[in-house]
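Common to both upcoming complexes is chain A, partnered first by chain B, then by chain C.
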Partner chain A sequence: MSHHRNLNHQAAHFITNERGSFFVYFGILIILLFLSTHPLFANTDNENQCIACHSDYWEEMQASIHSRNGVACQDCHGGDPAQADQALAKGPETGYIGVPEKDQAVQRCGNCHANVEFMNPYGIRTDQLARYLTSTHGKRVMVDHDMKAAACMDCHGYHDVIAVSDPNSPVYPSNVPKTCNHCHGNERLMEPYHHPTDVFDQYRESVHGKALFEKGNLAVANCAACHGSHGAVPPGVKDLGATCGKCHVNEKKYFLESPHAAAMVEGKFSECTSCHGFHDVQHPTAALYEKACLNCHATGTTEYQLGQAIERELNNAEQAFEKTKGTVKQAAIEGFFVEEEAANLEEVKTHLIEIKSVQHTLNNHFLTERHDAIVKSTDEIERSIRHKRLSHKQRQWMLVPIWVFIVIMVLVLYRKYKQLKNQKD
Partner chain B sequence: MSDMKTNHAEQPETSRRHFLDWILKGGFLATLLGMFLPALTYLWPVTRRGPVGGMVEVGREDDLAVWGAKKISIGESPMILLRTPQSFKAYSAVCTHLGCLVEWSADKRLIECPCHAGFFDVEGRVISGPPPKSLVGHTVRVVDGKIFVKL
Partner chain C sequence: MIKRLVDAWVRQRFDVDKMRGPVEKQLKKPLPHNVGWFHTLGSMSLFLFLSQVVTGILLLVYYRPTVNEAFESVKFIMTKPYMGWLYRQVHAWGANLMVIVVFLHMLRTYITGSYKKPREVTWIFGVFLFIFTMIFGFTGYLLPWNQLAYWATTVGTEVAGSVPIVGEWIRTLMRGGPSVGSETLSRFFVIHVIILPWLLVLLVLIHLFLVRLQGVATMERVDEEKEVDKAHGTPFFPTHVLKEGIVFYILLGILITLAILAPFDLGEKADPLTTPHAIKPEWYFLPFYQVLKYFPKLAGIFVVTLAPIFLFLWPFLDRNKERDPRKRPFAVGFCILVLLSLFIFGVVGYLSETERQLFGKTYYFDVYGLPHAGTAAEHMAKLTDAEVK
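Up next is the complex of A and B:
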């Protein structure tokens, strides 16, 4: 009976196992069917006959954003990847173009990237081709057929194009200057265009370059921020302010109130670069007034004197702030409560940073107002700390009467003790 | 005659004793006062307006109109307190860019940094400009019409 039950149990187990295996196999089949229709696997090694000869390019493409989204050889090169025969695969009716010329490649990229409907699911802009056609690069390639000028793949790569957001992408913000420098640092390539080739070296040492390469600040200006990327052009004299003003909003606002704004309209003055330079722009200090003003104004002129006066006020304000900052810090170390003074110092710091933007007005009245506010506040903070020190000293002196009181009390108590003792005796 | 001499000798003795007693009484009273006054001044502010659970009273609800703001300072932390139709908000007034003190721009209904035109929304998030991150927010509670901010 027990044997019989065991057999039944085994049979049931077998059936269950078999049914289980069936579902596993069926599941695998369904997954394979699904994968075969998925764009990621749309052009597998079996279907794409190009790979038979060009496995190296296929290898390069594997990690690219294009292969992951179903873009394959024929989308850029034409041809019929389904044909195993080379002649048929590259037949005239297949649209085969082989290695595309730069202008052809730009159009090929544009076939998808300028197609709003096609690019919509990817959330990518579609004006790159339109912008490229307006760029100096684009005009050289598409109009002049100068194939040495940059096109899409010179910046983004060829078969191994990765997403712009990938830190390894040549157009990731921190890589843009190096990518531009591939061509713009090449003397032989730049010679016909009379372009300087030391721009990258200048940029690397600039305040922007240091912020990008040393501090990893991706928001800082790189080549594309000023020149544009797809629509890259050299900014003209009148565009410079708009270019710098994209980030330096307040500086631009105040500059437009300065006497230089009129000179800029007349084309005599380059909004920012006349004083700050461009690729090699350094962190500006008040000392710039000694150098930059002399570019146009002689030492004896009123304009130069104004510059000197502004420099003095800026230095004064900075020194007053630094001195008071030191006083507050020292007082805190000594154990004084300086919360109020520290909070006031924050306000002075705000004025000091603000004055650096306001100086672009070159309006001495505005600047003197702020300079005086800074000096007044720092004086008040200094006075408050002095008062606290004095009060601390007075408290120390207050110990003298307390000690005198204690001594008197001890003497009186002793005297009383003697009296009581005498009475007892 | 001898009695008179004794009386003369006792009188200064008595007045000296009285004098010593007065000094002792006065000294005792002064010591007691010296002990009680600091204890009282210590207790007094705690019951009136001292910090409770890290919350500091910064004003009354009625003092601030809707879409109004004011600068407050708790210790050495400058803050900006603003009122939206729904609630009160308190943020560190120190801009996350270079540390300037931000201001409330009533017409734009945004928090503005005067130094480099950084703008933050009423949630303290960066809208535009160079600030790399949001303003640090602080919890605000309104109890019996009084506004409390947590440091």
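Up next is the complex of A and C:
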């Protein structure tokens, strides 16, 4: 114990004496040298004097993609960061603009982002500015000087801009609806433009919104998928089909074969939205025929009857598939080998997916063909499983004649054995 | 007319009358009076072996011994070919019944003291036949290449690898590499369908030859056996053969009934990346597997190896001249003890690492077969807590 105390005493003495002080100062020097190599401190030298006053913005910038690629204050705000004197740093000859107006900011961003030579090493497209100038947002800002309309930083952020591929970016696919809603959900802001502010709520409850927010499906349509991003414009009535058709290729193709295609050309029919709606589009079921057709066709009309016939076939095909799916699952639980039936069921599923696209032709002949193929295949699967169950039962019943034969043979042999034994005795 | 022609054709080429004597002598050979129903078990073992050969040949028509095709080919056999499901199930159940019947045959030989002088060599060949029957089971178990088989073989070969000095070499020899894979399947296949069947045929022939040569043992004391004459014995044919016929039909019925009412599942295809919980070997290895758990690695292997050594040496260790079990209390007592421990360790092995409902309560039987109140998950949580503390 006393030995330990002695050691502690010696150590304390060593630090307080001159040699000890030297080591302490030397240690501090090493730490300072190390810190001076850190990027945060590296830029605090004479190169960037802006930080002396605007350290908070500088902090924000640290995580940004711009800061990591050497973009500094003067690239957007102008000024001379080398000057320690505020008046000299913001002098007229330095091109200092302070906080840029939106139209100025767009130009500043475009200085780099529309420069093919400059952006080439980053593999980033350079048509954003050109597209923005064609968008409603762009026209309002650049032509009408309406500074309430969205410009680059309203969506991408200011000092803390991060890569679009970063899930924290406000323009990452899953964040786009919330970012748009930032302005489009603001009643006061939207009032002068007579824009509805419940679009986000509708979208969130739609089949697209649920897929994006609940299932995390980034490929699903968000605001930008239909309206565009930099070139955002509300799609006109005639463009709607093209917008939806970007993803729903087959539905679009079959729709063009339908009688509604001609009405669409005449501007009487809004391709997809007439039946499905738009922001609040729901997962469509055959029941849609009961509601959507009535928007234009009265009950009893041939068109309405056709819709009813299609609905019946779709329901029938779906029910046949679901029933057979249950049968195959149950048979697998019971221990039957159902790989073949399961493979055939997958084929039926493909037909079912196909029939859902083909229905857009509204051609009952095409639909009946596929419907019959589905029903035929499901019948075959059901028959095959019935046959397996039956042959399983038959095997068990076969035991009866087998055991009858065995018992007879045993009795005959035993009788003969007894006879021989009795003779011997 | 045809019969006469064939008879003449054969007689012109072979001395039929001269051959008839020894054949009739063998057929009508008198068997001692103590030959009962249990004496049919030897023939039943042979019948099951023949059944395995026939069903095995049928399986070979479709079976593919590669890791990519083995499982699928067995599935194919069970679903597509005519009666494929039947001969696969008869083969699987036949293997299990063969282990039981061969064991019971050996037990009968032990109880009736038939292994004693002068039939020690017949007993030793019999022990070899029993061991090879089990190896037949072990090698055949892997061939469907399902999860159960794959992992049971992994554990089985791992146990063999723990043998001192030669263990590593034996394991590599069995697996054909560091782990169970395509080489193992090839090796087990060759052993199962080429080496073991011919080896068994040879051993069965020697075993049968010895039985015929020395005759079936009576219940008289060693060195005091009297030769059975025709007047006092039971003729092998037709009297004993009729008994065998009766047992054969019953066994055939049991085999087919089991194949139909309790078919073996094929389960899932072997997946070396997914280790299932509680891997266990086939039931006939279960008592030994359980015993291994209670001893340190080497001691366990030593204890388990004692069983076959005892079987081989028993005729020489047992110096009692009596054959009647009532006059051999030690040997019979020892046998009952062994049977009881096989049964108990088998049951404990079966229960170990499972969850069971007993008297309305859930119990988890740990790796040593000890019951713990609660589910497996609760038991594991307790163990983890204890480890943390």
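For this structure, a couple of remarks:
What we mean here is this: the second predicted complex is superposed on the first by the 380 of 425 C-alpha atoms of A that agree within 3 Å, B and C clash if a C-alpha of one lies under 4 Å from a C-alpha of the other, contacts with A are read in each partner's own complex, and residues count from 1 in each chain.
What we mean here is this: a contact is a pair of C-beta atoms (placed from the backbone, for glycine too) under 8 Å apart; a residue touches a chain by one contact, two chains touch by 3 or more.
What you are looking at is a predicted structure, and each value in this text was computed from that prediction instead of being measured.
Because the two structures share chain A, they can be overlaid on it, and in that overlay chain B clashes with chain C. By the touch criterion stated above, A:403 is placed in contact with chain C alone, chain B being left untouched.
In the superposition on chain A, contact is made by A:335 with chain C only, not with chain B.
Look at A:346: by the touch rule set out above, it reaches chain B but stays clear of chain C.
In the superposition on chain A, A:247 contacts chain B only, with no contact to chain C.
When the two structures are aligned on the shared chain, A:421 is found in touch with chain C, with no touch to chain B. Look at A:118: by the touch rule set out above, it reaches neither chain B nor chain C. Touch counts on chain A: comparing chain C and chain B, the chain ahead is B. Of the two partner chains placed around the shared chain by superposition, chain C is the only one that A:395 touches, whereas chain B remains out of contact. Comparing 38-46, 74-82, 92-100 or 110-118 from chain B against chain C in the aligned model shows that the clashing stretch is 38-46. Applying the stated touch rule to the two superposed structures, the overlap between the chain B and chain C interfaces on chain A comprises residues 339, 409, 413, 416.
Contact residues on chain B toward chain A in their complex (touch as defined above): 17, 20-21, 23-24, 27, 30-31, 73, 75-78, 93-94, 98-101, 114-117, 129-130, 132. Residue ranges on chain A touching chain C, taken from their complex, read 335, 337, 339, 395-396, 398-399, 402-403, 406, 409-410, 413-414, 416-417, 420-421, 424.
Within the complex formed with chain A, the residues of chain C that make contact are 75, 78-79, 234, 238-239, 242-243, 245-246, 249-250, 252-253, 256-257, 260-261, 263, 265.
Contact residues of chain A toward chain B in the complex are 219, 247-250, 253, 338-340, 342-343, 346-347, 349-350, 353-354, 356-357, 405, 408-409, 412-413, 415-416, 419.
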